[in-house]
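Next come two complexes built around chain A: one with chain B, the other with chain C.
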Partner chain A sequence: MKIKPNRREFLKGAGAIAAASTLPLSTVEIAFADSKKNFTFGYISDSHIQHIKGNQFVNNWDRGLIRSVAEANLMQPKPDFVVFGGDLAQLGTKPELDHGAEMLAKLNYKTYHVLGEHDYYLDLGEYWSELFGDHYYSWDHKGVHFIVLNSIITFKEWTFDRWPTPEQRMLEMAGLDNPNGSPFMVGDAQRAWLAKDLEKVSKDTPVVVFSHSPIQKLYKGWNFWTDDAEQIQALLAPFADATVIYGHVHQIQYNQIGNISFHAVMATAWPWPYPSTYAQAEHTMPKLTVPMNRADPFFERDATGWQFIDMSNGRVSMSYNLANNTNRTVAYDPASGKPVDTQFQDVGNRVPPQIHY
Partner chain B sequence: MRKSLFTLLFAVGLLGAIAVFGGDTAENPLLGLPPVPIPEDNPQTPEKIALGEKLYREERFSTTGDVACLTCHDPEKAFTDSPLKTSEGIEKKTGTRNSPTVINSAYFSTQFWDGRSPDLEDQALHPFINPVEHGFVDHEPILEIVRTDPEYATAFNEVFNKSGEQITMREVTLAIAAFERTVVAGNSPFDRFFYAGETDALTEQQKRGFDLFVNEGRCVSCHVIEQTQALFTDNRFHNIGVGISNIQKDVPELATTFLEAERTVSEVDVEVLTDARTSELGRFAINRDMDDIGSFKTPTLRNVAVTAPYMHDGSIETLKDTVIHYNNGGVTDVGDPVNDFLSGGIRPLNLEEEQIDDIVAFMEALTSPEFAPDEG
Partner chain C sequence: MRRKYVWISLAVVAAALAVVGVSLQADEFTDTDVERWQGEYMSVVDDGRALWGSPDLGTNGVACGQCHPNGANTHPETYPKFQQQLGRVIALREMINWCLMNPLEGEVLELDDPRMIALEAYISYERRGVALDPGKH
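Entry: the complex of A and B
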């Protein structure tokens, strides 16, 4: 993590955010007058721990997770908790999930887990549940309502009736641009649960949803996609401050739809290219997003990382800790009503690799 | 007409240069190196270089009167203090770091193992006021000498046209840096082989080692060789699993103190050289970037065969053991834990012992003739 001279002040609250950036954030409306309610949390995601044989695992993916855990443990100020955003395993096997859980156990903080498709499609999340608990749930923390969704399920027929073995089902869902694949969704049952869960939450309570897929429709070929995204967005629409944080895409993305802010997190394993570079296919990548730098393939950890999230104003200020690259912070800007990069949002401030994409 | 005359003169000049450097390569001590970068505000002059060398050798610039720059960067020892593990300053006090060679330091984009100085001029300021090096609390005793000693007064007047109080550490370090920029050396057997086409300059084993160096051994990823020059460093910082592993359990405590309060370069200079544990934080102590915990600057490999021991802490005695460290994936002894903050790219290499010997043989071909041990 690159710490600017004024970073610690930056984290102290909204007033200092103005000093740390050129954006007009001094008008930040502080949701919590009681500063004891200000808090931070860490977000680690998409480690794709991959079993080779025996006790051998792909070294590069191991190192990414080990490094993120060790760095998160050094964070100042200490985060209240850490979220792991899904795809801990590559092919959902017991050795992969066990090995990943062992590395995550070194975190000094309470950890919440999100289910990814790579954790799920071998045994439909059975062993994952033994380790980490429910597939979807919610809790309250210092005035914020947090919700974890399992957003990577798909049609029943595809899941239960189409594949001769669970292993093949897992491999089919792991493929990109796979004509045998199937779109992610949250599904009727879980949406009904969500509607009920939100009933008891007052509309001025900040709501933060953690999901593996984007809860937006960005690019279907790689499942940067949630089929019932609009219906979930409609459930979040009545809330003044709603945020969705998602993994799966292995890149910096952010967006604003109505009152809902969207933030993607980095993988600890590897970066994906932006769908917008894939010229022959349609995509709806958020225009708001300033792309991250093109990864330098020389550095195995470049374009991977983890996140430190400041919740002090009821909205997300997300600091990306990027190995071998320039760290970035994307924070909600109340003046424009959307998340913006505190350094690179202005076209004139971008660096060539961001424009090159 | 004038234009064509200029072109002709330019062409003649170029041919002249080729005649000097391309004709008899053994005569070009810079073979394999780019031109020495000279800062605009510190042009080289013979008088300034001579003054710089005198200052470099000045033992009065220490509390005990017996420590000069030369003490740890001795021309007789390829500008290091080999075979010392870590350097000895006043009263034989030892620091925490192995003395890096001055040879070719003119090309580095930062100075010190953790890059805490941007250039040679700034670098020269710090050892004087480090308690385990020259031992002064400030630079006043040095200024007293150069302002009053008749030889220095004459030289500073000649070089900088300054005298008395006009002479500051700026002038002192400009001169030392100017001298250090003359300590450059290429023209190793490797350079003659690769840049001058002398096919018999390397042995068959060294040629195999060269191939391993740029391919299977992945050495070249950081110890850079280019088509026209080779500095054998990327001027970047990497955690290769040396030192930091000894204090892994203390990292949270040590890192927290740095995250809580920023230091000046001078404060860091003292802390990292007087506290062995803090020293191992490496570049992180300078930039407080978690990406740099336990990372140190890639040293050049030129003349590496005559500058043992190795690594920032001098903890590895032989070139063979350094290659074994990399072959093990960034651990010196097989079975030791891999550091949590290890740089990407450091991973087990699965080289055979014979291949390790070949790489060592190649590194022995990087010694410039002026630093090669006398033969016979």
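Entry: the complex of A and C
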């Protein structure tokens, strides 16, 4: 299905955004000797487009995606592509995926798609594939090897034998805190594919993996978790510059495990609490992370946003464009060998809204 | 004659107390009593948990749990507190009503509505063990 943007509607939206003149765009420092290699890309994720009935959708979530698309179209310098990080839909239905695809079609850039659990568990990604293609794949771009994984599959028994209807299966997985859910994983078949895909990539080529769930184990209760994370990390270990960018968590997170940098992205729909704020749970949050601001629910878009990513040194510099907050940049620091927040990393620079409890 | 009425009245009161299962000895209760009372509370917590994930509390299908998994980020131990966006000190249930009206696009609940009590019971249960800290931001 191809949906072309309506030109008049696009110009109207762009004009409104430009008039607000709040665009958080910055220029890019050049680090590669070969400046042709420098590029940026956009990252939009977790829009959770939610169908009410007929042609009605939850307005709040629609606005998040519409705003991100409009802002991404005004990026300067222009990104080489945009990634949509999964959970376009809330319950994986055709109306939700169609409505989301229509909004995303207004992007002026080549868009790559990652599959989220909310897109998947109704029909196991069948309609999503009709719209967006393969569940996992890779490509090369200006000296960087990019990989998209489907990291949200789970045990066969849970997927095929446990639930009387696909609708119930979707609902059980859609509840983040539902104890009837099941841990995410990449699985044997895809890991075998990944090992083969990486064979042909030289070890000094920067590798960037896009997944929906974190390829690390943070908190199992909310599936801030990938069950075979260590095995995927082992496949990435031989590469000098490896990065994983993931959605699902709706919050700022970053981490460094060995040579692998991890960056989470914000949702366009709503923020999630940090697992550390759930008093009954054990969790392991990355110590490195300076949290996002605690959300103010009276501002509908607070603690939501989208990202643009500068790849000029083969590592990620992640700029968070936050609709109602001060923007943040988390960039790989070659001196310390890990991602750091460019403004707030020092404890003395933190602000009270970054304290979560 | 008057004495007869007194005795009848006392008998009626005693019978009523026996029916509702209340001991005349107020300071004595058993493990069985405690277990039953905890069960009563937990049944309301369970009602609250069901409402927390329900698409029917508001009008747009959005559920409380979508933004607040396990009731997190609701901070029941900090209420009543000055809700700076409203400019006054409020109880938690007023904030619950704010959420019902806004993200859920629904109607407010009466402050003593059993559903309101159930929501509050669930939120507090998920926060058990955290020290009271009214007014905290």
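Worth pointing out:
In this section, the second predicted complex is superposed on the first by the 322 of 357 C-alpha atoms of A that agree within 3 Å, B and C clash if a C-alpha of one lies under 4 Å from a C-alpha of the other, contacts with A are read in each partner's own complex, and residues count from 1 in each chain.
In this text, a residue touches a chain if its C-beta (ideal position, glycine included) is under 8 Å from a C-beta of that chain, and two chains touch if they have at least 3 such contacts.
Since this is a predicted model, take the numbers as computed values, not measurements.
By the document's definition of touching, of the two partners only chain B reaches A:Q76; chain C does not.
In the superposed model, A:T277 lies in contact with chain C only, and not with chain B.
Once the two complexes are overlaid on the shared chain, A:R67 sits against chain B while remaining clear of chain C. When the shared chain is aligned, chain C comes close enough to touch A:G221, but chain B does not. Of the two partner chains, chain B is the only one that A:D302 touches; chain C does not reach it. Contact with neither chain B nor chain C is seen for A:D140 once the two complexes are overlaid on the shared chain. The contact surfaces that chain B and chain C form on chain A in the two complexes overlap at residues 59-60, 298.
Those residues of chain C that touch chain A in the complex are listed here as 53, 60-62, 65-70, 72-73, 75, 85, 98-99, 102-103, 126-130, 137. Across the interface of their complex, chain A is touched by residues 221, 251-252, 255-256, 259-260, 262, 287-291, 329, 338, 340-345, 347-348 of chain B.
Looking at the complex, you find that chain A touches chain C at residues 48, 50-52, 58-60, 175-178, 221-222, 270-273, 277-281, 294-298, 352, 356-357. Residue ranges of chain A in contact with chain B, taken from their complex: 1-3, 5, 8, 59-60, 63, 66-67, 69-71, 73-74, 76, 298-302, 321-324.
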